[in-house]
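For reference, the structures are reproduced in the following blocks.
Both complexes shown next keep chain A, but they swap its partner, so chain B is in the first and chain C is in the second.
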Partner chain A sequence: MSLINYASREINCKIVYYGPGLGGKTTNIKYIYSKISPGIRGKLISLATELDRTLFFDFLPVDVGNIKGFKTRFHLYTVPGQVYYNASRKLILKGVDGIIFVADSQIERFDDNIDSVENMKENLAVIGLSIIKLPFVIQYNKRDLPNISSLDKLESILNPMKVPYFEAVATQGIGVFDTLKACSKLVIRTLSR
Partner chain B sequence: MSNINALKNQAAKFVVKGNYAKALGIYEKVRELDPEEPGTHNLIGDVYLKMRQKENAISEFKAALDLYKKVQYYPNAIAVCKKILRTDKEQTEIYNDLAGLYVERGFIGEAVINYLEYASRMRKQGEKKEEIEAYRKVIELGPSKIDIRERLVDLYIAEGENEAAIEELERIEELLIQQGKQDKLPGIEEKLAVLKIKGSKLSLSEKKMETGGEKELTVQKGFTIEDMMVGSVGVEEKIEEDAIEEGLKKMDSTGEEVTLESEMEKIQETSIISEAEPVTVENLPPPDKSELQSAPTQWTNFEELAELCLSVNSKNEAVDYLYKAGQIYMEENNYARAVRIYKRIIDIRPIELRPRQKLIEISLKTEDLESAVEWNLDIGRCLFKKGAFNEAEKAFGRALELTSGKDEIRRRIEKIKGKRRVVKKEEVKAPSISLGELLEEEEKKTVKFTVAEEREVAEPVTFEDLLEEFKEGVLENIEDIDFNSHYDLGITYKEMGLLEEAVLEFEKASKGEEIKLKSLEMLALCLIEKGEINEAEKIIKGAILLKSHKEIEFLGLKYSLAQIYERINRNKEAALLFREIIKYDPEFKDADVKLKELEGRISKQKVVHEKKIEPKKRVSKKPSQDIKVKKMKKEVSKEKVRIKRKKKISYI
Partner chain C sequence: MPFESVNIFEQDFWEINENLEMLRKQANAESVLLIDKAGQLITSAGDVSEIDISSFASLSAADFAATSQLALLIGESEFNTLFHQGKKLSLYVSVISQSVILVVIFSQRTTLGLVRLKVNNSVKNLEMIFRRIFEKLGTVKEEKEQEFGEDFFEEADSEIDNLFT
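What follows is the complex of A and B.
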């Protein structure tokens, strides 16, 4: 649920990058940070453990212009992918306005993707939300690797709702902005209603 | 004692319930019973923090700090120091305390950083003597630090302590020679000469006064005073000019302002830390552990530092340095030395996974398959010991994939598994990809992947730990004056329902003039959500008085205040605020609906209020008669209706 500040006439929308560990969520957000003008973005808060895993969450605020006279900001978050950080994932999902699921295309991560989708649905249910009602986009990342599942297979299992999806190589920025734009549009559409 | 514990438990329960006043009262009783217990002061400080009484909190923390120091309980003392600085970074003397405590604990790197911070702050406050003292302590910890000695020289000169300055310069000369930095000698010698001239001039004037005549005096190295004067007058003037203009307090020998940041930059420049790695206390290499003759000339010699730490039994520090050294060798593709380093780590920590992962990586990179197999088996054993059986299976699987002598490896694996009798034989998967693919994959995954798994199997943390770690990280990476980032963080915490954290962030953000109002609005919302109505009311009332804002900017705050009033049944005030809001924006949220509801409630209250005043009238008979009359009239009118209906029917 968007958070509104009336003093500054500002709407803060929350987009969460969800997905299995090491799937490229942080890479997405870091690429966005590196490419957008400093004037329209805040500080990237991305803390990693000594083992270089996301510590709690990554966070990047981005200004996207005015909607109905309100300055609109997207807060981009990533969740920690590791299985045992579920409490953190639940918290981060609170108040979510849109979700980008970053799937790891590698064959050996196929099951991890499914687990992560299921985990996402469960966590949304706990906070009274459903993926059916939320702006939701899927990104199939790491498409440059040799050992990847076919797009058809990924689509058939991970995208039964046929939401917009994008192939990506986040390390090179391929598909990163397309994914974000698609999710942003859906969020803005919901917001404008 | 049991009474004290019972009281503490009781107080802790009140803290959990958010009843801080009661908790405080009980903790104060505990403190009276045992005033020498540092933990109680610490707990009281925590409660004050929750009540946002920072000064009181700091005072209690300081009391706890003194007591911990008194009983030489240094780890807790350090923790309290950090807490004080988290609460208020301007508690300058704490940096000095913290540095001293780190020295006691043998954490020299941290000690130096805190002394430097203290010195930097003392300089800003114009406390030169304190600044000098801090630098002296740094030099005691790292005698080979020439840049610090040079700074001391400048300070001595500024303070007129020329003898001390000369002594330092002479020591610098010795160090430069020892370190083979002869190219820097001329500058130091020139400075030294100028200082000696000053001393000589003084002696000369004294002699003149004594003898009344002029004599040719010589100084060291065979120069005449005249020679020296001609050659160095410019330098001398420059020094004096600097002394006047800058007071020699802001500049170091290179002319740059000396700050902790500039110090860190210098350290980073001279170290081998990669650019991508942020400069933090953790990755700053400390100076020498003690006055070792063979001490490394720079702070980058991690291997030597590690051995130094081991010599004083600081294993954790030593391992940290070894990892840094290993990483550097890896980056330089110096695998032989990297292997030596990681094996050394295994000697210190026999079942640590990370060095083994590194060794596998090196084996694969150097195509030393035999070692890769051995290290995979080894890591499998460690994982078994740690109870991470599935991960162990994976490691064994990798070993199988890497070798053609599968039977032998399989036998060895079965032997290990047999000891544990946990994992089933058939779970070991046959290799599905070629060695080439595996190597390629390993390359792509990088060290980060392999290392990351260690934590997954070995040390999962609780959410509280994670949050604390995150907050620490934020504290290190976001400055207090970065108000926008604190505001953004406040929003993130609020959205997650971490209201305590959100409040602290919005408080920090509200110190930024440009975003004060919006921060206060969010702060008030958090406080309302937390149920701290009085505090929220105070914040909003203060915010509404802020100048240079348009009325429309206060609508959110007024709405929140109206909600507060509504909640505590101050309906008229709430209605008044809703009216004000609607006046500026008739469609503001549900202000119109709220106003209608409130007006309805107010009018009902009026009726009730009037009825409450009426009882005396009820005593008189007239009203009751009136009621009877009314009833009768009703009955009559009903009768009339019935008659009319009958008439109508009859007409039909």
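What follows is the complex of A and C.
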């Protein structure tokens, strides 16, 4: 649930990047950080291990601007994808308004994607949420690599609800903003609910 | 279920602000911040212009969330307070109505004992206010629909398009 402050007329929404370890969540958020103007974004906070794996989360606040008198801001978070860090993932999901699932397209990571989706559903259930009701988009990342599953195969298994999906090469920024835009718009539309 | 984040209305907001300002004065603290459990600042009292608020709020919530989990692991339901001591500034963190985090930033102009005492008093007041807010939340759907209609969405969409290109 987003924070709507009617007194100071601010809206803050929380978007979480979810997905298997090494899928490219942090790469997405770092690309966004590098491309949007410093005037509208805050600091990028990365709580990571020495090997650059996300330990707790990455966090980036982005000002969308003034919409009908409401100062609107998105808070972007990534979870740590490594199976081991599930306690952290649960905590980051609290108060989530929208989810971007970053799948790793590589054939050998196919099952990790499935496991991660299942894990996401379980963790949402614990806090009384369901992916069916949340703004949700999928990003098939690493499309530049040779050993990847076909889009059809990924879609048929990972996207039974037919939510919006995007092919991406996060390291080059391809698909990164399209994914974020789609999720942001869905989140804004749930504000009246 | 405790709320993860909250919508605040005008009148409650001012009352909350008054409470925070009073706490800051009585505890002789530098500043007081109120943050929801999703890591977003609700409001603050005192001079916080030197602080990167978004970072501070998200890390406070993460800190509190992590500590709460530690509590569970040793069989405590929740640690109600956290204390981080620094050379110049220290933090005293407590939870209100299981859903909002109160952070007091204080220096050596005051003492932990005084801060703790004053926080305890304020927490009671703030809990009353938040209980009222949560009760109201169930009945506000209409107002939200007026505020966030189709033209709000259109404007938001175009802002989002401009921003992320």
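Methods note: the second predicted complex is superposed on the first by the 184 of 193 C-alpha atoms of A that agree within 3 Å, B and C clash if a C-alpha of one lies under 4 Å from a C-alpha of the other, contacts with A are read in each partner's own complex, and residues count from 1 in each chain.
We adopt the following convention: a contact is a pair of C-beta atoms (placed from the backbone, for glycine too) under 8 Å apart; a residue touches a chain by one contact, two chains touch by 3 or more.
Since we're looking at a predicted model, the values are computed, not measured.
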item: Clash-or-fit label for the pair chain B, chain C on chain A; value: clash
item: Partner chain(s) touched by A:V83 [first = chain B, second = chain C, both, neither]; value: first
item: Which of chain B and chain C A:L55 touches, first, second, both or neither; value: first
item: Partner chain(s) touched by A:K153 [first = chain B, second = chain C, both, neither]; value: neither
item: Partner chain in contact with A:K185 - chain B first, chain C second, else both or neither; value: second
item: Contacts of A:L91 with chain B and chain C, given as first, second, both or neither; value: both
item: Touching partner for A:T72 - first (chain B), second (chain C), both, neither; value: second
item: Contacts of A:I36 with chain B and chain C, given as first, second, both or neither; value: second
item: Listed stretches 326-334, 452-460, 470-478 or 560-568 of chain B, narrowed to the one that overlaps chain C; value: 560-568
item: Those residues of chain A which chain B touches in one complex and chain C touches in the other; value: 3-8, 12, 14, 42-43, 45, 47, 56-57, 59, 61, 75, 77, 87-88, 91-92, 94-95
item: Contacting residues of chain A [partner chain B, same complex]; value: 3-10, 12, 14, 21-22, 42-43, 45, 47, 49, 51-53, 55-57, 59, 61, 75, 77, 82-85, 87-88, 91-92, 94-95, 145-147
item: Partner chain C, residues of chain A touching it in the complex; value: 1-8, 12, 14, 32, 36, 40, 42-43, 45, 47, 56-57, 59, 61-62, 64-65, 67-68, 72, 75, 77, 87-88, 91-92, 94-96, 127-128, 177, 180-181, 184-185, 188-189, 191-192
item: Chain A contact footprint on chain C (complex, rising order); value: 1, 3-10, 12-14, 36-40, 42-43, 52, 54-55, 58-59, 62, 65-66, 69, 144-145, 147-149, 151-153, 155-157, 159-161, 163-165
item: Interface residues, chain B side, partner chain A - complex; value: 354, 433, 437, 440-441, 444, 448-449, 451-452, 454-456, 460, 463, 466-467, 469-470, 473-474, 477-478, 482, 484-485, 488-489, 491-492, 494-498, 515, 517-518, 520-522, 549, 553-557, 559
